[in-house]
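Below, chain A partners chain B and then partners chain C, in two separate complexes.
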Partner chain A sequence: MSEQKSQRAPEAVTPVPPEGKAPFYVYEIFIQRNHDSHHEHVYSLLAPDDQMALVLAKENFLRREEACINIWAVRRDHVVATPYDDPDFFARTTDRSYRNPAGYRQNMYKWRKYKIQANAGHDEGEHAHG
Partner chain B sequence: MSLSYEEKVAEFQAKIDAGYKVEASDWMPDDYRLGALRLIQMHANSEIMGALPEREWVPKAPTFRRKLAILAKVQDEMGHGQLLFRVAEDLAAPLGKSRKEMIDELLTGKTHFHNVFHYPAPTWADAGIIAWLVDGAAVVTQGSLLKTSYAPYARCLERICAEEVFHIQHGEDICLTLMEGTPAQRQMLQEALERWWEPLMHFFGPKENLSHHSNTLLRYRIKVKTNEELRQKFLSKYVPKIQALGLRIPDPNLRYNQETQEWEYTEPNWDRFFQVVKGNGPLSAQRLGLRKMSYEEGQWVRSVLEQPLAQAGD
Partner chain C sequence: MVDAALTPAVQQALLALLQRLADEKLALGHRDSEWLGYAPHIEEDVAWASIAQDEIGHGQLYLQLMHQLGAADPDTLAFGRYAQDWRCADFAALPNGDFARAAARHFLYDHYDAVQLAWLQQSTWQPLADVARKVAREERYHLVHFPAWVTRLAAPGSEARQRLTAALHDLLPAAAGLFETTEAEAALVAVGVLPAVDLKGQWLAKVCPTLAALGLPVPGVQQPDGTWTWQGAESHLGGRRGQHTPDLTELLNVMCEVWRLDPAAKW
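Let's look at the complex of A and B:
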């Protein structure tokens, strides 16, 4: 896996453990504030295992949050990511305005025209019967 | 076709000038990495060392609520140290430098911490001045650094600045209460301000041409404001408040020049500043001793954590 460095999260360097000791890992921490929200990345920390990562995440990031219902701790070397230095990955080669509401701005002008016409017709009708 | 080192630096500088933000995994010139690391390590050191003068006041805080508040502030500062050492670690990893080495560099005096944390805090009013004005000065600096070109530092500072706002409120509360107290309490606050004024003027560092490191930091937009710009901003923000409280600032030459739109002040003694940050301040050795003791007393916790455990999923 390690040769696919560009597929890994940024600066995914696993710290070298001291002789005969368990390694500490970088964990990326995500917190979810309520069921209407997605988990939000808040930062990272060093922890020796999954359980300590959750405990330290609470200490580091939830000292005064009013509400939190869930924490994700993800070892950074388990995250796959695009490289920052490959702009081609995100390059758009064709116009994609048809995918967005903003690509249909002409509708607004057309509706305005129809509205004016309709109003004009309505006014004429009133005069006819007045 | 591969670029020479100089060409890569020029390309990097052009990206910085165009407002590009640098991520930890990006290629960066050696002096960018070293400059950013030096700044962030100093900041991390300062958060940890900055908790110590206030920690002395946790057992002596005048009410239970104030004890909880100053304890929370001390805890925040240590938390900020944790965040900043993470930022520093990612910068230092390609240099083969670990967090352990950075802690050792602090304890042996190889890296420095902010001048203001080398001084004693003899009274409760000192705790108030530290939380109000030292943290106020820190927020002026850190607020400007939100625009740093080093993106991981900027993201980390967002959280830190939000918490510093509480620290300043906590400090203002202490100072306002003392000012509304007895003449002895007001006098205590006045004396604390007099003790802290020069360290506060030192806080932002000498004007840039005296310091050869800062230019690299400014050129790469790791820092976006000069030391003097930050000092001016601090004076504009806090001198009117200090005066409104009825405190006397111990500088007869301090005044705002309407023509130059700048504060004029007595140049602080910079030799003293350099002596202090090199570790020859009034309490430098004692505070580092305390940090070392606390690091050694916490060794058993780290030893427990370093015992290999079965990792879920491995």
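Let's look at the complex of A and C:
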């Protein structure tokens, strides 16, 4: 396996503010629609700091949502990412089909067989007691 | 439909109160909508436009209550009147000016609305208390959004801070109009439909410490007992009695322009 070359996504560049102006950053926004669901990435926006990112995310990405219970905002340059120029990091050149659920098809029949055997043993025990 | 449980006098007083509540929301909502396409960046543009829709939606809720009490339909009430029939404090209709001034006006208004809505929620007329509760929940976001901007615009040494300070010197006297009480409100308090409260004192206690902590001009002075009292000039009075500055006429000329072309048109 190749070593990861960079810790930061290459496109995550902090915008340089014009002279004398406060810097704005790109924030990636994730919303959680209810307690049973994951946070989902919805889009990104520009904001001067963490609190403003949350404040602006609410009106920019929840306008047409039925409900939302939580927002995550993450500065894009705080995201660690794998480099695009290192495809071998993800290389899979040998057969791993045994990892797929299809590889375990036999298990269902085996489980059924052992279950029947186990139940039969249990039933005998009951009879012996009675 | 008329509420049979209310005496005609109470009904008239409620109509007058609802009119001024609606008018202040509609005027401010229209000013908010003027930012569409002009806010400093796209995210704030969308957020402020959304806040405009909140305020106009709140105005609509009050107009619907008026309609339930026998007044005209909400569209006619909103678009069919000229300035002399509007009952808003002119603070809500002031032109936006620059971003710092508009944010400061909203900050001051939202804190006023918060104490006002807490008061309205105590009304013994349940429909009003219910609407106030609904509005207060949506106002929560405004009370995060604008204080967040005011804090940032107050950054030491910035051009924004100079603009914000100048805006507050101008806006704080005009905010006095928000605390003018009307005969209708006094009548509702007298019969117990609303409790007697000191909205101005409550507002000063919320606004003054925040502004003072940022080193900005404050509209009040703290007494030895901890309470705050108004300090400084007062301007833009009379709006709730129908005495308006030309700002409101200018606002209505834009807001009602299309409706006035053909008031009977079906939309």
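The working rule: the second predicted complex is superposed on the first by the 95 of 130 C-alpha atoms of A that agree within 3 Å, B and C clash if a C-alpha of one lies under 4 Å from a C-alpha of the other, contacts with A are read in each partner's own complex, and residues count from 1 in each chain.
Just so we're on the same page, contacts are C-beta pairs under 8 Å (C-beta built on N, C-alpha and C of every residue); 3 or more make two chains touch, one makes a residue touch a chain.
Nothing here was measured: the structure is a model prediction, and the numbers come from that model.
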- Query: Where does A:55 make contact in the superposed view: on chain B (first), on chain C (second), on both, or on neither?
  - Reply: second
- Query: Taking the superposition as given, does A:46 touch the first partner, chain B, the second, chain C, both, or neither?
  - Reply: both
- Is A:85 contacted by the first partner chain B, the second partner chain C, both or neither? first
- When both partners are placed on the shared chain, which of chain B and chain C touches more of chain A: B
- Classify the contacts of A:63 with the two partner chains as first (chain B alone), second (chain C alone), both, or neither. both
- Using the superposition on chain A described above, determine whether A:77 touches chain B (first), chain C (second), both, or neither. neither
- chain A contact set shared between chain B and chain C covers 22, 24, 45-46, 48-49, 52, 59-60, 63
- Query: What does chain A use to touch chain B in their complex?
  - Reply: 10-11, 13, 15-18, 21-22, 24, 26, 42-46, 48-50, 52, 59-61, 63-64, 83-85
- Task: Enumerate the contact residues on chain B facing chain A in the complex.
- Result: 23-27, 72, 75-76, 79, 82-83, 86, 89-90, 93-94, 98-100, 155-156, 159, 163, 166, 305-309, 311-313
- Query: Which bits of chain A are touching chain C when the two form their complex?
  - Reply: 22, 24, 45-49, 51-52, 55-56, 58-60, 63
- Message: Taking the touch rule as given, give the residues of chain C at its contact with chain A in the complex, in rising order.
- Response: 41-44, 46-47, 50-51, 141, 144-145, 148, 152, 155, 158
